[in-house]
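Okay, got some structures for you below.
Two complexes, one shared chain (chain A), two partners (chain B, chain C).
Let's turn to the complex of A and B:
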């Protein structure tokens, strides 16, 4: 007999299901895995009966009995089976990013942040971030994970400070697979994101390129203030107070513009990137999606912390920053006008939505009716008669239609030969004058003899004139 | 891009200057933060290596160090002896980067094959309960060439075995595991076939089919080339042909000439041997 041991893929262990749901890989102290035997001894399954409130304690009621049975079954079967040991799940890096406190050297190594490029491609300026060279035939540089951690923590401090003072952070990640991380980080830091190409001049020529951007004025608690509707169209788009760039090699122009406008920058610096382009470089692997998501996640969490601090202070009436926005105090009555415009826009939007909904409902009903294919003779006849009336004096006989409807209704009595004979007779019965009146176009197809004469007539006419 | 642009590092100085020299400006939100946490120095080169010769100055003191480990030598030896282990795919995905804390290379690689019998102790003194406890944590160990290296390294560090003995022990453990895996696969295939499963061609069969096809293609090419060569040779040789050409140049005759043909068959004028003289003069004067 062959005993097959259950080795799961990627070295995962199947553990007995525990009563408490397992947390994420990061949060659990993953020191020792629980032992099968011990767990079985420790977890005694007690079926604790759920008690009903005293007012309705009637145990003979069928609903009460079902309830009790359900809970009894749940208590006895919920520990059956196995659950997987905590393992890496890629979506967690975006859904629940690691905080700056959760960054460990082991996490960075597991995320392949230490893997640099081939030694021949390096930029000598970042020699001090490199731990060593690995490989005999195709050597690569290894980035020190402790240096990555230190620089990442410093960058997190910067973001936290900037966001706590009401600064606007722009997260930029234009490579494939960076969009989700960038959007999530911007969401957490209440900043802006960019995952498509940076249009050169967006900062230096912002009036032209970003002139049509929507702007709003908010108070210290992030509530919008009306009354600036006349000034906002004239103002330029806001420049970011901090830019985080996940792939500086492809976004040199963005970093150059930031330098021109004195905007500090944070970015991931691989072994082939020039570290002088950035104010706060983070030496790490920019080619690994997992590494980028870990770093971007930590920066996003730092921004979230800063925003929380700022809003907490604002609720107590403490405002630290005084941004220079260049706006004048609102003029008389502008606030009311702004609110009115907003209300109108909202109603218009609601009306459009309603119309769309009605249209879609009607389309759905029509579609459903067609699928069911219930013949509606009255409606069909009426439509057909209408169409006929619209056309140029050609009155169509609806007897064919009636015949076809009868055919649908009683398939047993249908006689193919009779149908053919009748349809031929019907075609023959169409008067020649009627056919001659019908204008000859490429689409008209007459049946055999009836139309041939009219075509000859037409050809004779053409020859003559 | 030869010139270096230090604007990114001078952000704070620039902002402070603008603030001091312009009226009615407020500091940007990042100014205080950057003041407390200034950016690191760039373009500084730490000395990473020391000059090999004491008096001399090496130009390579700023380049990173080549990292070498003891296991590299073991890897070199093992994968040179077992090159096909490199062909086996290896999963490099890690969960939390702490896998090496969990794998105990003191436990032999073929532990999963040696479960102790009920109520007995095996050679190492383990009961089946002990075996279960070990398997709870070590069952998910990757068993490949790298496992052999790690096992070998453990044996060298913790046992008095020589390097050759440690190598032998580690690789033989993996041999047992691979033997078991192959047997398991073969038996599983047979079991499946006995209940109706069928498999496609394996890689060896496909390889042989491709070779056969290549051989047939070559054969056809060779036939064509040979025919072409014969034709060239035949056209170059006017009148005097080879023995093979003899057969080609035999003229087609009518019926009844078979006997006559038999007589003169061996002597044909156009061949190299030429026509055999019959009834020659016996002596030349």
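Let's turn to the complex of A and C:
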């Protein structure tokens, strides 16, 4: 049995993350929900274990009240009337996966694990896993469920061994519908998951592809140890100690890389898959989602068992693995420096989050304002121009509209209004002196009085002269 | 030539499994096959009192034979029929409450609804009984809460028992906590009657009706029936998010939690009290209620007066 053992464990994050504490916006990594739940449980005062899930923080919130009522009613009325026999519920395969002890031939058959591919598509190397042929017109191979069970139990033992010695397991499932199972299994085994395309060279060219991933050093109880901040950037990129592949047919490159680096692989081998690609094949149907979830669930549970064993031993001070990390003991003052950098990174992250929150609040306020359709003073001209073009739009400044309409009318029509406006503008353009000289008949304006005075003067002049 | 008419069809003499189409119906055959499968529904266990009830009856209420008639025989009969009705169907794994909600408005599934509802209601009634019932005086919070609504426990008792006695024909009388939508109080206590196999849950009522046809015209109704809007409009109304959520509750209906019920079907009390002994049975039942079970079924919000107000008793029994 090939087992890679580690004493001081590397960090487990598979997503590229900036190794520098300040600067770039960090992607929202896969958060550890168990820790969050623990924190909420501590702060929660109102918790009744039987009826209410303990994740509610503010019990006085109306939404929380509705939630509590709904769950209370469900809990007390769901099973009233008859007791239902246990039956298959698809979500349970991911929510509560079967343990290796729960693997039975009936379960495997019900999960369609015995159904292989057409006989013409088979790989002769896995002849020993095949029970026989079914069907006359389109014959398919039938995989023996007892062989599936035996190989699956063996694979569970491997995973348990690896995880109990502090190894890192990578669960890979790149087909549609395998993501949830893969994530859940990695969660249980405290390993890594991959449900998108494997980037070729992640193991062989690790320093290039995964070089930016942050690493951390933890002790036997999985508590981080500061003081290696200067050495970690120089260490090699992380490699898994065991790889579980749910669809080997599409991941040949991954399996080849594992082979080059002596990483053992476990995988589901259908009748058309080459079993030599894997160290520990599990002959089963890789096309049935139910079958894949059963197998992945059992492997995840085995990993969980191994982790439990390891942490139990560690609490008693027993460590069953050989160190092979290549790190030197931390230098003087490095631990303090590491903690400081971590604190700075945490504050930077908090600041970024706050900025984002403010931005989102502003966007929400803007959206609310637009819905209430209050006029935006900055865009007023453009808005009204648009409104003026609409039939039902109400525009405040109708003179522009009227004028634009009137320009379309024929030239033969006389525009009295236009004439008045133009003459008014013409009058406005004249100076006051010029206006005073203009003879006006009877008006009460200032200029009129001035002119009447001048007229009187003129008449007096006439009378004199 | 004399032709003899055979007593049995010729098919009986052959060893083939073919039966003529007129002698079988596909659904019957399927059901017969499905019945031979493992039973889905079974008579539920009455917590830890199951064996005691069978041996000694319900203390102070039913004799062993009376309990057998009311529970073992009747519930067994209902559950057997429920198995027959759900065998091989897509809803064969649904619990009775789900069946009640789904089929209450489906006339072609009336039998299924009746049996599911009766199974649920009968089990609810028997789950309120126990070998050592807790008195209401030992639960001051619940008692004071009920006194708030009904004035006194005696009034509550009189109202419930008189309602049950006045019901002509079989049914159930329920004590429920009914939630109120859009009011300062979260809900209130109410007494509810259901006849025969009626269900107290409003979710079984007018499902998926987001508009009140009393205040809309034919065109609006047609539009509503024609299609769902792509986006939620406004805060209230049939197209809004809250409107569509509330569409599962009938207009004017509330979401409620039953805490107590009395079975007024005659077969339950006829053996121990006789047919004319209905009122005697009801009075005896009131003294046999296990109020601890009632308190467990009461939702937490019933112990608070209104939104935001802290409970008079501090943090309450379960908070």
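Just so we're on the same page, the second predicted complex is superposed on the first by the 267 of 465 C-alpha atoms of A that agree within 3 Å, B and C clash if a C-alpha of one lies under 4 Å from a C-alpha of the other, contacts with A are read in each partner's own complex, and residues count from 1 in each chain.
Here is the rule we use: contacts are C-beta pairs under 8 Å (C-beta built on N, C-alpha and C of every residue); 3 or more make two chains touch, one makes a residue touch a chain.
These numbers come from a predicted model, not from an experiment.
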{"item": "Partner chain in contact with A:65 - chain B first, chain C second, else both or neither", "value": "second"}
{"item": "Touching partner for A:79 - first (chain B), second (chain C), both, neither", "value": "second"}
{"item": "Partner chain in contact with A:162 - chain B first, chain C second, else both or neither", "value": "first"}
{"item": "Touching partner for A:87 - first (chain B), second (chain C), both, neither", "value": "both"}
{"item": "Touching partner for A:277 - first (chain B), second (chain C), both, neither", "value": "first"}
{"item": "Partner, of chain C and chain B, that touches more residues belonging to chain A", "value": "B"}
{"item": "Chain B versus chain C as contact partner of A:236, first or second or both or neither", "value": "neither"}
{"item": "Overlap of the chain B and chain C footprints on chain A, listed as residue numbers", "value": "87"}
{"item": "Touching residues (chain side chain A, partner chain C) in the complex", "value": "45-48, 51-52, 59-60, 62, 65, 68-70, 72-73, 76-85, 87"}
{"item": "Parts of chain C lying in touch with chain A, wherever the complex brings them together", "value": "38-45, 79, 82, 93, 95-97, 116, 119-120, 123-124, 127, 179, 186, 201, 255, 257-258, 296-297, 299-301, 307-308, 315, 318-319"}
{"item": "Parts of chain A lying in touch with chain B, wherever the complex brings them together", "value": "2-8, 10-13, 25-26, 30, 32-33, 35-37, 86-88, 104-110, 119, 124-125, 127-128, 130-134, 139, 141-142, 151, 154, 157-158, 161-162, 165-167, 241-242, 255-256, 258-260, 262-265, 274-281, 321-324"}
{"item": "Contacting residues of chain B [partner chain A, same complex]", "value": "1, 4-9, 11, 14-15, 18, 25-26, 28-30, 32-34, 36-37, 39-40, 42-46, 48, 62-67, 91, 93-99, 102, 112, 115, 129, 132-133, 135-137, 139-142, 184, 187"}
